[in-house]
Amino acid sequence: MDLAFHTPLSPDAQRQYGLDVPQPFAMADKVRFSELDILHHVNNKAYLSWFETLRVAYFNQIFAHHFNGMPAPRNVLRNANVHYVKEMVLDETYIATARVVSFRRTSYVMEQQIWSGDLRATMTGVMVLRTPDGQSGYPLPEALRATLIKNDGAVPES
Amino acid sequence: MDLAFHTPLSPDAQRQYGLDVPQPFAMADKVRFSELDILHHVNNKAYLSWFETLRVAYFNQIFAHHFNGMPAPRNVLRNANVHYVKEMVLDETYIATARVVSFRRTSYVMEQQIWSGDLRATMTGVMVLRTPDGQSGYPLPEALRATLIKNDGAVPES
Amino acid sequence: MDLAFHTPLSPDAQRQYGLDVPQPFAMADKVRFSELDILHHVNNKAYLSWFETLRVAYFNQIFAHHFNGMPAPRNVLRNANVHYVKEMVLDETYIATARVVSFRRTSYVMEQQIWSGDLRATMTGVMVLRTPDGQSGYPLPEALRATLIKNDGAVPES
Amino acid sequence: MDLAFHTPLSPDAQRQYGLDVPQPFAMADKVRFSELDILHHVNNKAYLSWFETLRVAYFNQIFAHHFNGMPAPRNVLRNANVHYVKEMVLDETYIATARVVSFRRTSYVMEQQIWSGDLRATMTGVMVLRTPDGQSGYPLPEALRATLIKNDGAVPES
């Protein structure tokens, strides 16, 4: 199939690539030589980079404009639970996905996946928003909370 | 205090550096510029590299000789649950630790910590041993199981 | 313009992206968050990774089949001269290029460029082919030499 | 020999480790698993990281205090010429060195080496100081120029 890289993929494009449940945000990329280790497969750290790339794009597209005119929050990973399902090798293409599944006052939980025809890895990440000095939690604006509920089906938690 | 880098640290050396419960394997290193991101703190992926460095050293010291005369197993990370407790910055020193807390026939669970005076991050990793072709599980030798029970207090699980 | 990623680009596609002299091999990609450093620009090491990705693709497409039925050579960087022309930032797209400009019996010189509308970086790399044990030089096959002369305008040197 | 890591090494300590000409700044470290590629040797990019670690330490120790009370300059790599002399493998220790060999009004040339018993790699780097906005050159303060001449034997160039 013809896979478009570095651009948000439609639900149909995701389904054609094997995802049974299309995600709110998904982009494609390709394995690089520098991501391989001595076992000739993609090293576990590389997946963290792929997830990060997508989280940053997601933040810039969905979160960032809600902080216009305010100091930009620090958007920091507090917990990462990564499951490696099936190894990847050089030149394979993949789709990385993101979905906010729940949020609290100053944090949110993101579920991410890597697909390459079939599922290769998943990550559940707990993200926290902090003030620029890192000293305090930074509340998610009300309009952002509404967007996450509407777009991602996110669940507000107290 | 005078911290020795890149060499296994005694329980006393670990205690002096702040660890309340010394671990079976621990070595010290120092934050590098290349591990920082735009937030001027250590990026989340760098910790994965620190944990990996210690796992490889642990494997080479404790596991490897049990496979002498046999094909070397692939030692692969299946699941990583990383908790980021407190951020780190340039030039901080740290101790990375490793302990096998339990094992099954062809897998084991490792708990790892990063300390820099106080606790900075933890990881629980599920590791699997596979045959060189990656097709089958590779059992932990009996003598290795005995070593893990004795040295690490690891619990055999069925 | 509509830029196709991770696929060899035609001379016309390269010209449309700003290259005044199209190169024999060129592919596009995009800056990632993990490639930035505390200065919020792409760190110098990231360019080395981009050049490497293209060299590996070039090797696999142009060199590899000339060694069918023979032990695969080690293809190793001996010298890298990198010039950083203009900094890059998050989300910029770029084209990385490769051209073999000359070769000797067991080595070759590759010129590489990074373009993002205008020129951002160049690298002249001296590559050596070694036997699998790394002990001896590995001669470029005659048919490969002919290909490099024809495709890249490479100059044979004694 | 007993090698102290992450601390400036005396000329004698450098000589004992094999350096025929001790350098003004030198620190030791050790190869990590994450620096290896599929050829089971240290990848060319890792050396750039080692050189960078030492340049940053050198800058913070020798340059930084000359800019107290002034906006901190951007210290950027303009050109890197790296020569790979002899490959390195897992767990090898090494010394990375730095010396400023010459300077102009807003730039300087640094020579760096990697030693592991014998010489493994060299780099000649052209560094430029820029104003915080990156728009203009930032002159080296007079006292810094005097320090570079005295400590490193650096040559002022017009």
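Should a chain be cited, it is by its letter among A, B, C and D, assigned in written order, with residues numbered from 1 in that chain.
To be clear about the criterion, contacts are C-beta pairs under 8 Å (C-beta built on N, C-alpha and C of every residue); 3 or more make two chains touch, one makes a residue touch a chain.
For clarity, every value in this text was computed on a predicted model and none was experimentally measured.
Where subunit A touches subunit B, over half of the residue numbers in use are shared by the two copies, so each contributes mostly the same positions. On a Cα centroid basis, the chain most remote from subunit C in this structure is B. Between B-D and C-D, more C-beta contact pairs are found at C-D.
Subunit B and subunit D have Cα centroids lying 30 Å from one another. Inter-chain centre distance (subunit C to subunit D, centres taken as mean C-alpha positions): 26 Å.
Touching of two or more other chains is recorded for residues 33-34, 45, 49, 52 of subunit B.
If you check the complex, the residues on subunit B that touch subunit D are 5-6, 29-30, 32-34, 49, 52-53, 56, 60, 90, 93. Those residues of subunit D whose C-beta lies close enough to touch subunit A in the complex are 33-34, 36-38, 40, 43, 45. Of all the residues in subunit A, the ones that touch subunit B in their complex are 39, 44-45, 48-49, 52, 74, 76-84, 87, 134.
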